[in-house]
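Each of the two complexes below includes subunit A, the first together with subunit B, the second together with subunit C.
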Partner chain A sequence: MGIVSPGFQGRRRMSGPALPPGQYLTEDFPVLSAGPTPKVPLDDWEFVLGTETGAEFRWTWPELMGLPQETPTVDIHCVTRWSKLGTSWQGVSLDTLLDGVDTAARYALVHSYGGYTTNLPLDDLRGGRAWVAHTYDGVPLPAEHGGPARLLVPHLYFWKSAKWVRGIRLLVDDQPGFWETAGYHDYGDPWREQRYQGD
Partner chain B sequence: MAATTTGVPVTEPLTWRVARLVGRRAETPTAQTLVLDVPGWPGHLPGQHVDVRLTAEDGYQAARSYSLAGPADGDRIALTVQRVPDGEVSPYLIDVYAEGDPVEVRGPVGGWFVWRSAETAPVLLVAGGSGVVPLMAMIRARRAAGSRAPFRLVYSARTPSDVFYADELRRRARDDQGLDVTYVYTREAPEGWRGEPHRIGLADVHTHGWPPELEPLCYVCGPTGFVETVADLLVGLGHQSRRIRTERFGPTG
Partner chain C sequence: MTDMSYLDGNMLDGPLRELFAVDLSAATGRCQSCGMVAPVARLHVYSHAPGLVARCPACTEVMLRLVRAPDRAWLDLRGATFLQVPMPLEGRRPADPAGTRPVGGDRRGGRGGTG
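Then we have the complex of A and B:
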């Protein structure tokens, strides 16, 4: 327990089993990004999966839409302490995209249009836990929330769910991404409150 | 891929430190600057923020992030807190928190939305409402470091009485060489102000910012809609995305 601040009561609005420690519930969908919102025309959009040996797998927008689609409903947790429960998405599972990709890599570095990057273990992209999502709440994902498509990895803090996703490079060695280089946690598990390096 | 950060690597775990209130001043009817004494504070860069944690008698805790309002100053830090109606933390900090009382703080956090005094490039700061706080830290740091980097602040506020740091900005605009300050009022302008109240637009950013050829560093901070608008305008005017750093202020009740 921390040092008591005299007279502080609190609202207890954070309480509830669905919320990780230190998070509060929001009904809004706040936006957090480090720079301008890239505008990516669907005709130019592509998603590239690259392996540690240099092999590349590419999907255009129509090709992505032609893959089996899933509709996850998930809770999301931002490191800035808001959580939003029961969000509805549509997208393609990373299991589908990684199917048939021969790799010995253990890490992934995610790239976005606009230059953003984030890293995570490859295992966290497997097992029905990660998607390339293009639809939110039944409508195409707005650009400020990462459209045309963003990564969705809801079991980690939301900065790992890279907006405007452009590709994923599979790596033998871990390589920190944008926020991870700036002092945020390498893994970012909200249930262990891994906000910053050393947590 | 562009935006690799030259951020501040945090090598040690960020620990919670006890901070005590040593002073406060009203900025507007709904915002106050709190000056805290934090023994062992490691220092910070302008633009960084801290987490503030409150603990109730029964152990219940609530934490929020606040931008640091000034440059590093020993064990002293300053936060400007906007009272969020129905908020959990900000009403306590403004109405209840008393001199000498403890809170816990952790930081500094954030290594991207920062300005370094060794930078010589022109700087454009665009603030929406309470988004001025980290930008004010940069303005203060510039003077403290004796930097000659040319700075321009374009500050959008609802009315003149919503302007944070009004007297200091007036003084600095007069005394800090190479600092220009321009206001945009969205609801009500002061008497004698030219033009009508309006939301920030292309003409404001074009007229009072820097031409893209000078490759200024642009910092935009405010509510989401404001930041989206301004960042899009800057891109439209020809500024490179990688030179535009943004921070969005949600309500942090």
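Then we have the complex of A and C:
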């Protein structure tokens, strides 16, 4: 329990602007959704990590809860221009989930219950920068915010932090996801304002 | 399960009018996923999102997506096998020489012909 990174965030705030370009600060937590909210009973929930060779690693809900937990406090930036600072989460680091997974893949395609997908480089899931988060602000993550569990990759625009996360496929070649096939950026760094293809 | 988080397809009228000269509010579309033919106005449109996502009212699969950047737009219709758009009868277009054909007698709907 308890790997927190407020120091990292604090340094950022002291040394530069708290908000990426084009963003405004919000205190509430807007609900964005591209479809109906899936209802996933915890008994049926599972998370599947698949590699480029077809190997699969699965976790049930109790198994996820049995893994080492972290409590990141992070700033989040939505491509629709709101940012929210100092959000508190609990979840399992992707470093933990990827530990022992043998792969030569460089890309990841994230899948959600309900059919949503998003892509990002595998490296961005490593290094203490990505979690499967199940608790927000001390309570179980509400369904409208992606519960039972969502991906949390706060250094990229928030559409990469897929709600209702169900699994991740590791890929040799990059494969664009739901918004990335409709004009949005393949990487989505808010500090470089990579909103749309070509930005 | 009720879901009040979407709007009906009438809200696509304005955004699509930016791209097309035809009035799509009276169009119908066929869902690629389940085959249902539905008026565009009956699609379920999720607009609290980075773009507009219009879903089939029967199976909830995506039929149309529209993303608007400041200087560009992307329209994705892969979830719709067709869009059927009502057109004025050939030879009866308002641009025809005046008086050669009667206009509007067999038009359906209140919006046709009013431009």
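Methods note: the second predicted complex is superposed on the first by the 183 of 199 C-alpha atoms of A that agree within 3 Å, B and C clash if a C-alpha of one lies under 4 Å from a C-alpha of the other, contacts with A are read in each partner's own complex, and residues count from 1 in each chain.
The working rule: a residue touches a chain if its C-beta (ideal position, glycine included) is under 8 Å from a C-beta of that chain, and two chains touch if they have at least 3 such contacts.
Since the structure is predicted, the reported quantities are computational estimates derived from the model, not experimental observations.
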| item | value |
| --- | --- |
| Partner chain in contact with A:Trp159 - subunit B first, subunit C second, else both or neither | second |
| Which superposed partner A:His111 touches (first subunit B, second subunit C, both, neither) | first |
| In the superposition, subunit B vs subunit C on subunit A residues touched | B |
| First (subunit B), second (subunit C), both or neither touched by A:Arg81 | first |
| Which superposed partner A:Gly22 touches (first subunit B, second subunit C, both, neither) | first |
| Subunit B versus subunit C as contact partner of A:Trp191, first or second or both or neither | neither |
| Shared subunit A surface residues [contacts with subunit B and with subunit C] | 30-37, 80, 115, 179, 181-183, 196 |
| In the complex with subunit A, residue positions of subunit B that touch it | 1-5, 7-14, 16, 18, 53-57, 59-65, 88, 92, 96-98, 101-104, 109-113, 224, 228, 231-232, 234-235, 241-242, 244-246, 248, 250, 252 |
| Contact set on subunit C toward subunit A in their complex | 1, 3, 5-6, 46, 48-51, 53, 55, 60-62, 65, 67, 69, 72-74, 76 |
| Subunit A - residues contacting subunit C, complex | 30-37, 39, 79-80, 115, 159, 179, 181-184, 195-196 |
| Residues of subunit A touching subunit B in the complex | 1-14, 22, 24, 28, 30-38, 80-82, 111, 114-117, 144, 178-179, 181-183, 196-199 |
